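Comments concern the structure below.
A, B, C and D are the chain letters, set down in written order, and residue numbers restart from 1 in every chain.
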Amino acid sequence: MNTSSDKCWKWFIDYLSPSESHGHGINAIVYTGKSDFQKIDILDSKGYGRCLVLDGKIQSSEIDEFIYHEALVHPAMLSHPNPKNVFVVGGGEGATLREILRHSSVEHVLMVDIDSDVVEACKTHLPQWHMGAFEDPRVELQFLDARKYLEETNKQYDVIIIDISEPVEEGPAYLLYTKEFYRLVNDRLSESGTIALQAGTTASPYLINFTAVYQTLLSAFPVVTPYQASIPSFGLPWGFALASKATDPTTWSCEAVDHLISERIQGELKYYDGITHRGQFSLPKNLRHALKAEKRIIEDNQPLYLYV
Amino acid sequence: MNTSSDKCWKWFIDYLSPSESHGHGINAIVYTGKSDFQKIDILDSKGYGRCLVLDGKIQSSEIDEFIYHEALVHPAMLSHPNPKNVFVVGGGEGATLREILRHSSVEHVLMVDIDSDVVEACKTHLPQWHMGAFEDPRVELQFLDARKYLEETNKQYDVIIIDISEPVEEGPAYLLYTKEFYRLVNDRLSESGTIALQAGTTASPYLINFTAVYQTLLSAFPVVTPYQASIPSFGLPWGFALASKATDPTTWSCEAVDHLISERIQGELKYYDGITHRGQFSLPKNLRHALKAEKRIIEDNQPLYLYV
Amino acid sequence: MNTSSDKCWKWFIDYLSPSESHGHGINAIVYTGKSDFQKIDILDSKGYGRCLVLDGKIQSSEIDEFIYHEALVHPAMLSHPNPKNVFVVGGGEGATLREILRHSSVEHVLMVDIDSDVVEACKTHLPQWHMGAFEDPRVELQFLDARKYLEETNKQYDVIIIDISEPVEEGPAYLLYTKEFYRLVNDRLSESGTIALQAGTTASPYLINFTAVYQTLLSAFPVVTPYQASIPSFGLPWGFALASKATDPTTWSCEAVDHLISERIQGELKYYDGITHRGQFSLPKNLRHALKAEKRIIEDNQPLYLYV
Amino acid sequence: MNTSSDKCWKWFIDYLSPSESHGHGINAIVYTGKSDFQKIDILDSKGYGRCLVLDGKIQSSEIDEFIYHEALVHPAMLSHPNPKNVFVVGGGEGATLREILRHSSVEHVLMVDIDSDVVEACKTHLPQWHMGAFEDPRVELQFLDARKYLEETNKQYDVIIIDISEPVEEGPAYLLYTKEFYRLVNDRLSESGTIALQAGTTASPYLINFTAVYQTLLSAFPVVTPYQASIPSFGLPWGFALASKATDPTTWSCEAVDHLISERIQGELKYYDGITHRGQFSLPKNLRHALKAEKRIIEDNQPLYLYV
């Protein structure tokens, strides 16, 4: 069945830690560059199609980015009764925009990404991701430090989606994972406002990030609901969290979710529906215990760095 | 944060396919051998502790084997009202036995593994897995071809757990994934009998195994309920299936599961409880669609081989 | 000294055998394709610059191809008193041509490569290799099976350079390593004719190729002089052989070689001179013994295949 | 030819640099430990047998250690007319001792290795290397900083062999590669004294070490003769240097070397003889030019660090 013609000699090795790696055979390096903030690669992998890689770590792949982006966006959007103004931190691929724009209530989306090189590369090379979202008249794109922007604005947003890379030393993201930042985010939310973010892997050896982000969110929001999805190209199960001033989406029935989707989201979703919702918010016992047991609160002067 | 002292130069590379790999830094090769059926390695990895590896593929790791074995055993055991006689196909680590023996109704467990070398190596080197289960007076261990045994016996079993490696060409397992085998298994089940099995990864590039096993089970059982768990050391999300003559555990409430556990299972579970149950049986929309769309039925003369 | 900014996640892994590999960090995949005969990659590596890779094995790199090509071409050319007609088997990069054309006596070079895709890719992407050699009016290029050509021609050549990839099953080269082929080559040589070829690594675990090629040449030529050069990008030391009707270049003094070079070769060589000549023909005792001890003769119906 | 049974999943990856690696399939980790100075591994590789690995870098392998140790020891020993007292810096495997003790003139060898854990591990696990040399009554073994020892002693040695790992930051060796150290070594040599040392790879991307060691030796010795050998398990060609107060072994004929060997060395050498001698001292033109062009002198306060 597997002959020598299957052999692969060009690889992208995603170092999950100094002692764990996930390797993808590749056919092409579509783009490679170094911005002011990070190294950017767009690769064509054999198993997962095109991939965006920042500082050596996969951000999303053609085959399963829909899982990541639907999981990240829709629960938060549906948690707000009528989201009109949405703020996106990061989200360079444009797929977070794409999913937000499916919500018919949306009037304005401000996306703030610190790295215009990433966005330009994605616009050119990831059309399957953004599907033209950057051209939607509801979208405003700014290349800024999102934290600085939020500090200086007095605008309020109904939903804030934080779609950034992991907190690595000298990387652009680690100050967007702290108590101070989350409190700032809370201040900029409208009354029924909700945020969602990716929170790192839920794999035991690295669980510290997921659990510390959870406890840190709890120090800034009354309701925090962590959840999980399998995005196979990442090589490890992945965690998310939703935090809000009021709404707890774990209480919704499958039918209620399906009803909200049919009322408020345009087009057919591939990953997210009522049963998916129930599944991703039903974390296994060991994860629930680890979340509860965590004591660490991430602060500006005690940041959490992950392995690069 | 990561200094050169973190560097790792001894690796176990789990080739998930010719173009995907999951690498684990290792400290020790505790055991290595070649049986009549396969190559056996027991390794100490840096991230996941001790690991059993058969023909180069990880079977379970110290850190997260509890997820695999609790997910595999308990839903099936609880699906039967009063399981007394249990049959285990494979299960060399002894951890499947360990979980079965927690059920107070159990009177007899017959474990049939084709490879005595695997079992001997596990007995010696994986005490954290079996925790003495092989010595339990309710356990009978035979080194046979499980299919041949089932063909020749006229005994009936309340629960049958199929805990075997993946179907690879020339490997010991591929004839235990066919319609003919599943029908034989069904014949040997008692009235309310249930089976459970691991069914390969649910990652898109390899989904064929999970979906074809599902359809093949449907050709032999009236009720088939696929489910999924994240076992991080595997590098990919993992699929299971439960098949029975009657019971559908997806209809149970969280509370009902928790009640069954407290009544029938001794000791504290780490992974499985009511919420976990709900989560693992709530497959995402894309997986549910792929399961339904699959046409392939695996047969003895049309086996499905995975990559070695 | 080495910071995370040195980290490399895009790799070309050259599998020297199932249990030995040489990995090169890469920046770009300049070209990738599949011809009728083999898979072709042109990669930009971090350590060795641009590389030509056929069927996953490095053929030459920008940084040290001069060693390979000077070692292959000049000893054979200088072994003939006045080489006018030269035949090249393979040599897709054009660098073998480049070195041959430096010899002022040369009037005509026929290069026969079976794979026009390789040559086209090299013409476009390896200008540092061929340096325009394909445009030299003395050069004739044909895309043919070199063995078939030699069987059908009655022309004679003064020097024949065999610059082909290794003998792998189903690959284009294995019938160009046999006694029958070498006898054919001998028949097409003019009176003082000489041939040179690369003969695989001289590393102990794979020495069979080098030693068997040597013994096979001895079955077809009166004088055979094996030699060796270090081409670091190959990851292993490399063997060559020169075979002729009469001349034994190992008897030349350093001064004689330097004199021949200054008289007959245009431009400055980077690798080859009198002292280099003495070094590369002075094989270590263990290699000399292994060459002598080898019994294997490679024949058409008993070909030698190396690992792919 | 290569079936799945050849597949290898346990590897030692020797990182030659952040962007170059040499991988060896392994069967066993015979020993692993951490001394006060470095991490120590003794591995059984598939291609090269048992290997000693310090801080992740191969030091020698069962299959080709004879090349390394014969190349390191014999030219220096033969450069002295009658070596009685020999000093070894490092040399943990005991194979340098083994080769020195073959010289019938030797009366006393003092080996000073900073790391007793390495020596103990080698004594136990590398009997094929030392062959009992540590038990020879002429041998004295001390666990000290060799530089400190030489500073404090007033003894003189006929030959000094420096057999140490590469100069890496925080490693035990980098102060044994400086001008100050080499001058100290010169001071402790008897009148016709000679030293030999391994000087790192001669591969172009890393040539700085070899060429800077050469220039640094020239700042301390009147005669310095660099040389090179192929030790395939290292993955790259390897450099050595001999430095002496007077003798230049490059002027010796092959016959003279063979005569010296037969007179002064007991037993049969596998690698080194007259022709080997001629070969290894005849460096290619490009290396000779690079050696001459190098300006760098390594000093205590300007050490040279290689990649770890």
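Throughout what follows, contacts are C-beta pairs under 8 Å (C-beta built on N, C-alpha and C of every residue); 3 or more make two chains touch, one makes a residue touch a chain.
Note that the structure is a prediction, hence the values are computed from the model and not measured.
**Student:** Shared touching chains for subunit C and subunit D?
**Tutor:** Output, common partners of subunit C and subunit D: nil, no chain qualifies.
**Student:** Taking contact as defined at the start, I'd like the list of chains shared as neighbours by subunit A and subunit B.
**Tutor:** Of all the chains present, none is in contact with both subunit A and subunit B.
**Student:** If you average the CA atoms of subunit A and of subunit D, how far apart do the two points sit, in angstrom?
**Tutor:** Whole-Å distance between the two chain centres: 52.
**Student:** Where in subunit A do residues touch two or more of the other chains?
**Tutor:** As it turns out, subunit A has residues touching two or more other chains at 2, 4, 7, 11, 13, 169, 308.
**Student:** Give the pairs of chains that touch; include all such pairs.
**Tutor:** Inter-chain contacts occur between A-B, A-C, B-D, C-D.
**Student:** Looking at the complex, which residues from subunit C come into contact with subunit A?
**Tutor:** The contact residues of subunit C facing subunit A are 4, 7, 9-15, 26-29, 32, 41, 43, 53, 56, 169-170, 308.
**Student:** Tell me, which parts of subunit D touch subunit C in their complex?
**Tutor:** My answer: residues 1-2, 6-8, 11, 13, 17-25, 45-48, 63-64, 66-67, 169, 201-205, 228-230, 232, 235-237, 269-273, 275-276, 278-286, 288, 305, 307-308.
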